[in-house]
Every structure is written in structure tokens, then in C-alpha cells.
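In what comes next, chain A is part of two complexes: it sits with chain B in the first one and with chain C in the second one.
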Partner chain A sequence: MLMRILRTEGIKFRRAPVWAAFLLLPVLPAVLGTGNYLANLGVLPNQWYSLWTQHTLFSSYFFLPALLGVFCSWEWYLEHSGHNMHALLSFPAPPWALCLGKLLPALGISFLSQAVTGGLFLLSGSLIGLTDPVPPELPEWLVCGALGGMAVCAVQLSLSLLLRSFAVPVALALLGSIAGLMLTAQGLGLYFPYSLLALGMRANNPSMELDIRVLVVSSLVYTLLFTLLSIRLLSGRDAPAE
Partner chain B sequence: MKNLKLEFFKCRRRGVLPVCLGLLAAQFVWMGVFLAREESPAPDGWKLLLYNLPLVDAILLPLTAAVLASRSGETEHKGSALKLLETMATPGQLYAAKFFWGALVLAGVLLVRSAAFMLLGFELGYGQPPFLRWAAFTLLSWVVSLVLYALQQGLSLRFANQAPALIAGLSGSFLGLLSLLFPLGVQRCLPWGYYGLMLLVRMEWDPVTRATSFFWREPEALDLGLLCLWGGLFLLAGRALFVKKEV
Partner chain C sequence: MTIIQTQELCKRYGTAMRVKELNLQVPEGSIYGFLGPNGAGKSTTLKMLLGLVRSTSGEIQLFGKQMGPRTRVEILRQVGSLIESPSYYGHLTGEENLRIVQTMRGAPAEQIDEVLQIVRLQDQKNKLAAHYSLGMKQRLGLAAALLGFPRLLILDEPTNGLDPAGIQEMRELIRSLPQRFGMTVVVSSHLLSEIDQMADTVGIIREGELVFQDTLAALHGRSRPHLALRTTDNAVARSLLEKQGLGCTEEEGHLILPLLPDHQVAALNCALAGQQLGILRLEERKKSLEDIFLELTGKAASL
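Now for the complex of A and B:
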């Protein structure tokens, strides 16, 4: 069942260029971050580690969570357009499968954005001739970032399903990210979904001691909680006549 | 005028007010937390506020402009209303009505924002607000936001799918913030970087005494001219794309 739904979602994604944003837009923080690193070599002595702080500066706090929000908005926008919600709700599939059909592609996009970020980081470091070995923690940063992104996607999918708007959930993602930044500064970041992505990536602080178990559990709990909320919302939903 | 009034009717219950209140709340909390940490530098308080507020603007206002334009444009796409609308008003008139709607909403939000922050500064003991500077700051933030709104309106009306418009707004928020770290030449090439170029305060940091001082400044005439140029470009291009669009 789930495989058939995922295949159907795949057909909806065909020729839709939204995923391209996740391939192309990480170039911005990479280029600007590398430029900033080269301009401040005097105060950034730790080669790859310093370059990582510049690549993830701001992007993981504000940019990536809201960008994931755009993807989630788009996924539900398809169903909210025209009479597609009627078709979706009359589809012989349980709501949990329909919600997972939205969450799993978003999770894929979260991993894709981290893979691209990692790839661009390695490329930038090689191009500017960093001589130290590549940080062995890089895969961990990226996987933890993607898991944090998964929690953001679950929250955003619930918001987009509930609000039936494209733009408002994206604005909420930005507001959530700002709140996340403040809570991270208070040491509560691991308990707030929008902080998990930046914390997982160790943005701005690659030497941060982080309890990965808490991060993974927190990401999974938020994902589960908000996916259950989406299932609940979809189960009790009447398709609006738009 | 009638078209403009209709735009306000169309946007009832479309979450415009919560978006505006969310922006104000985010700015207020952000700056409130920031100012609460400062050691009440009373003589420089207003300068500190007017130096930091545009930096928060650079993050929040590009996306706010994108969201407002998207809410206004999406309503026509969702209701497939453009074909009927264009039998009653020319596309140019519709485009202008939507632009003026955005201009009024942004003006309202920024006026409330300025009044709230003046009150906050007064409560924090900064003394009498420099009203003229605040008026200039409000006007300049409004003009920069309006230029970005013109870009966003063009995208939101051109594409039924709001993803490109929102991605442009988000990228703008990001570029606007990062452009503040880059040389003037780069900032001038990015319409989102003008919040930084329009700053009314400059900061000087003395590496020996580690003291920070703030001074009033005026935006350069070149930057004001370039900002108008960007606005004109976005308006004309967006209007042309909308007017020629088959509905």
C-alpha cells in the first residue's frame, strides 16, 4: 500500500522543479560562507572546522527549516488545489499511509539538502586548498541535521494540512526558527523541533558536546507526534469545495 | 479606488492580520531580548535600536513581503478568478490595486512597529525619541519592503504555484542578512541588501579600548537612486509579465 502511494507521489513530483531548489539554493550559503571565511582568515584559524561554521552560519538556523517548509507546503498545496482533496480522501488508502506518503518524500528532501550541503562543503574546502584532513565527524553532522530536518518536516506538514495556505506555514517556519535560536541560547534547543536541525549540524560550534541520543529521541518524538496529528486531521477532514 | 477596496475584501480571513501580528511579535521579542541584555546605554539607546532593527528587518521583512504578496496572488489562482476579473478591469488596474493594497498593509505594519519601538525605548529610559529619524527610518524600511513586494507580487501573480515566489522571498531573507557582511558593491547588487544600505546609524569599534560608538549617518544618494531603480524594474517587469499572461 505504502509503496503504491509513494509511487503515486513520485508521479506528482515529476517535472515539478521544487526539489531543484534543494540542489541549487545550498550553493548560496556555500559561496557566501566560503567568501566570508576567506575574508576573515585571521580570526578563523581552524581550517575545515572554521569553514563549517561559515557554511552553516544562519543557513541552518533560518534558511533550511523554512526551505523544508516550502517543500511541505507544496506537497499539501497539490491536494488543496482544485478538487484534488476529494480525490485524495476517496482514494482507497488509510490516512496514515497518505500522511506517510507526504512525510517520506520530505524526509528524502531533508537528506538530499544535507548531502548537497556536505558535498558543497567538501568542494569549497578543496577549491580553497585546505590542507588539514576532512573532519571525520562530517557524516554525523549531516545525518543529525537531516534527522532534525525530519522533525521540522513533520511539524510543517501538519501546519500546511491544517492551514490550507502555502505561504503562512513558511512564515511560521521562520518564526519557529527564530524561537529555536532563542531557546538554543537558553540551552533548551534539544526540546524544540525547529532547533534540532541546527543543533544536529553543530552549526557555528563544531566542537559542541551534544547528547546524540536526546537529539535522535527528540526528533523521533516530534515526528511521531506531529504525524499522528496530521493523521488525525486528515481522518476528520471534509474536503472543502474550492 | 474600487479595485483597491475589493482587494481588502478579498483578503478577509486569509491570515493577513495574523502574519502582520506575527512579524511584529517576532521583532518585539527579538529586540526586547537583545535590549534587555544591554547595559542601558541611555545616550546611545536610540542609535542602538535604529542600528539593530534594520538587521532584524533584513531577515524578517523579505519573507513577510513574500507571504503578503502570495496571499494576495494565490486567492486569484485558487479561485480561477482572473479570467472573470479581467472582463471587468484591465490587468494593469488589477496589478496596481494589488500593489497599493500591499503598500498600505506594509505601511500600517511599519507604522505600528515604529510606534511600538518608540514606546519601548521610552520605557527603557532612552529619553525623548528622535521623531524625525524614526520617520525617516519608517519611510526607508517601507520603501525597501515595497521594492521587494513589487518583485514578490510579480512572481506570485505570474506563477500559480507559489513555491518560486516563496523560495525567492526566503533566499532574499538569507541574502539580505548575509549581504550585511559583504562590501558595499555586493550589497548594492542585491535588492534585499538595502535594509543595510539605508541604515541611519553607523557603528565604530575601537580595537584598543574595545568600546563601541554609534554615530548618525545618512544613506548615500547613489543607494537611494539604485533602490528606486530596482523598484521601477520589478514593477515594470512584474506588470508586463502579468498583463501579457494568458488567463
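Now for the complex of A and C:
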């Protein structure tokens, strides 16, 4: 059943206007970050590592959560428009499978966004002629970022399912990221879903000591909790009366 | 076999009872017309049958199985539905919309062309659903409901938004489904004429209560012509009639009799006159189906 649902979710992403977000949202922080790096070469001596701090400064706390928020909102917005929710819930599919059918594509988007971020980082670095070798930690940063992104997606999907709005959950993603920034500053980042994305990417601080096990467990716990919440929201409620 | 059976089905929203102690019985292979004015609880009931709305109390059995969280998925495999205005993904083509339904229901891919043909959308299948007319969207919704050729089809106001030609076409299509595909169809409407032309079994709901449920023929039976008689003393007249073996009922000051042959009416006249009863009115009446519907859905309001 889950495979069938995933196939249909794939069809729904055809011609989806949110792909435009993919062109825009990862490119902006790369351009801004590279510009910042070039403008502050005096205080940023560490080549790739310095460039990474500038790229992730914008992406991890703003553009990437927004990107994930937009995709997650789109996934439920589609079902909330018209009477699609009736049709979706009238299919012979259990609510848990429908929720996983939303989470797994979002997880894919999280990984894809990290791949694009990494690609743009390498491209920017080569274009401005960085000579040091590329940091070997880069794949790890990206994978950890994607896992943190998974937790963000699970929260966003619950919000989008609950609020039946496109824009409000995206705004909440940005607020969540700001809160995440503050909690990270106080050392509590590993316990807050919106901090996990930036922490995983070692945003602004590539030399940070990070217990990856805690990051992975924390990401999984939040993903599990909010996916369970989504399942409950989807199965425990009457379809909207007209 | 009874395809749908509900027992004392109730739905309360806040303090309002939207559906009250409903006992539906939908026989297999029938076209069950679910009739009632707007807001009578038709959609709520249909949504409960699909598990989209939870009942407050009572039970639902589909195909002899109790509807519940554990059986829902299994039951829904055999049910196609079109609830309220059709649902579609506007950024996808008609065919892509059907591909989603076909995949979700696990139906063979060839059926997409088959149902497109049935609803005559095959030439429009590559158009975005958002650019469809209302009638085309409705037909797309029906095509989606037909995918997998389920045993039971639940259609909520399927002719809404269609032009007269479209209504005619939809009606004929629905009427053909039991013979062509062995389906049982539940179709709701607030229009008596529509149910009259489509259904063979009728349930009439009014303010959440089922006020009639029987075959369409039985409903028509209620509209048989009859005689209405008013005399100077109806009570005496009634006992006289009963002595002659003529059962009657009294309605708004008239005694209602079956339609009698002329000679019997003449004899009746003489007998009444013999008892010094003046005949004030003796008329032949025929209730239209419309009258009966109004009686069932309106008159009960005074009770």
C-alpha cells in the first residue's frame, strides 16, 4: 500500500509550482554567502571552512527551513483544497500509510536540498578560486543536515495538516528557526527540532564538536513523535462538514 | 443480500442531532435513491457510511461487515464514491488524476481508458483538470468513482452543476450500472423527479430522520387515485361504510375511500341518503408524487 501511495505522491509533484522554490531558495544563500565571504576576506581566513560558515549562515536558519516548510505545506495544501481530503480518506488506505506517504517524499526533499546546497557550495568555491582541498567532512555535514531536516519536515507536516493553511506553517518554520538559533546559543539546540538542521550542518561553526548519536536520536524522536501526531490528526477527526 | 445496513445510526454536532436513529437497508443490485431537502442529513449519513465522519451512536454494516477502524480499509476496497462537489488536483491532467485513483485502488491501468470512455472524457484527458468545466469535473469524479468497478458506488448529488443534457446522460449512466457491472448504487438528491427517474428503492430523510424507505413502486402506490367523501355526519357515514366492508380513513374532514366502480358508488349514494346523510362532496383525487414527498418531508413537521 505504501508503495502505491508513494507512486501517487510522485504524480502529485508533477508541475507543482513549489519546484520554483527549489530553484530560488538554495541559490540565494549561496550567492549571499559567497558575496559576504569575498567582502570579509580579512576576517575569514580559512578558505572552504570560512565559505561554509557564510553559506550556512543564511541557508540553515532561513532558506532551508523555508524550503522544507513550503514543500510540506504544499503536500497537505493539495489535499485541503476542494474536497480532496474526502477522496484521500475514502481510499482503502490506513492513515499511517497516508502520513508516511507525505513524510518520505519530504525526507527526499530534505536530502535533495542538502545535495543542492553542497553542490552550490562546491561550485561557489571553485568559481572564486579556492585552492585548499575540499573539506572531507562535507558529506557528513550534509547528511546530518538532512537528518535534522527530517525532524523539521515531520513538525511542518503536522502543522500543515492541522492548520490547513499554506503560508502560516511556513511562517512558523521561520519563527521556529529563530527560536532554534536562540536555543542553540544556550546549548539546548540538540533538544529542539528546528535547531537540528543547522546543528547537523555545523552551520557557522564547522569545527564544532557534535555528538552525532544525540543528533540522530533527537531527529528520529522528533520525527516519530510528530508523525504519530499527524496520524492521530488524520484518523481522529471528522472530515470537515460543509 | 443487504449491501448497506445501519442500525439506529445517529450523529450529533454540538447539541444538534443531524442524523437520528437511521435504519437504512440497501439491497444488492439496487439503485437506492436517498432523497431529502437540503440540510436533511444526507451528506452526513453518506460520510458516515464511508467512515469520513464518526457516528455518535449506532452501527453500520457494509457487505455484512461491521464498519470500524479495523475493517474500514478492507470495506473501502469495494466502495467507490463521489462525495459533494468532485475532488481533483487542478495542476494535473484528467488522466493523471485518474492514475492516482487507479494506483490507490490497485485497479488495472487499462481501466483508466475504459472509465474515460464511459464518461466521454477521452478527448479531454490531457487537459489540466483546473481547466475543465464544472460538468467535466463532475464526470471526472464519476470516472474516478468507477475505477476498480467496485461493488458499491456512493454518489452524493452527482448531477449537481450539470446542464440538462448532462443530467440526462448522468442519469442514464447511473441507471445502467447495476446491469452492466453488477454494482449497487446509492445516489442522493434533493430532487424528487431525479430519484423518480433513476432509483428503484427510495429512502426519504427529513431533519435527520428516515420518514420513508421502500421500493419506488411502493412510493408510487401511495399516489393511486382514491375517492374523497364529505357528508353532514362523517362518523355515521363511516360506520355505514364499514358495515358494507369498505375500509376508509379520515383526512382533513374527508373520508378517503379506494376508487370504486360506478355501480358501487351509486349504491353508496343511495345508502347514505337512506340514512338522511347529506353528501357535501364526493370527488376523485389523485396525489402526485410531489404531494407525497411534501407530506413526508413537510407535514411531519407539525408532529
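Following the convention adopted for this analysis, the second predicted complex is superposed on the first by the 236 of 242 C-alpha atoms of A that agree within 3 Å, B and C clash if a C-alpha of one lies under 4 Å from a C-alpha of the other, contacts with A are read in each partner's own complex, and residues count from 1 in each chain.
The working rule: contacts are C-beta pairs under 8 Å (C-beta built on N, C-alpha and C of every residue); 3 or more make two chains touch, one makes a residue touch a chain.
Every value quoted in this text rests on a predicted model; they were computed, and no experiment measured them.
With chain A as the common reference for superposition, the partners chain B and chain C occupy compatible, non-clashing space.
When the two structures are aligned on the shared chain, A:182 is found in touch with chain B, with no touch to chain C.
When the shared chain is aligned, chain B comes close enough to touch A:59, but chain C does not.
Of the two partner chains, chain B is the only one that A:165 touches; chain C does not reach it. In the superposed model, A:4 makes contact with chain C only, not with chain B. In the superposition on chain A, A:87 makes contact with chain C only, while chain B stays out of contact range. Legend: residue contacts after superposition of the two complexes on their common chain; A:15 is shown touching chain C, with no touch to chain B. Geometry note, superposition on chain A: angle between chain B and chain C about the Cα centre of chain A is 90 degrees, to the nearest 10. Of the two partner chains placed around the shared chain by superposition, neither chain B nor chain C is touched by A:46.
Nearest C-alpha atoms belonging to chain B and chain C sit 10 Å apart in the superposition, given in whole angstrom. In the superposition on chain A, chain A positions 16, 81, 242 are in contact with chain B in one complex as well as with chain C in the other. On the chain A side of its complex with chain C, the touching residues are 4-5, 7-8, 11-12, 14-17, 78, 81-87, 89-94, 235, 238-239, 241-242. Across the complex, chain A is touched by residues 14-15, 18-19, 22, 26, 29-30, 33, 59-60, 63-64, 66-67, 70-71, 74, 78-79, 161-163, 166-167, 170-171, 173-175, 177-178, 181-182 of chain B.
Put simply, chain A touches chain B in their complex at residues 16, 18, 21, 25, 28-29, 32, 35-36, 57-59, 62-63, 66-67, 70, 73-74, 77, 81, 163, 165-168, 170-172, 174-175, 178, 182, 242. Partner chain A is touched in their complex by these residues of chain C: 13, 43-44, 47, 50-54, 69, 73-74, 76-77, 79, 81, 83-92, 96, 99-101, 103-106, 144.
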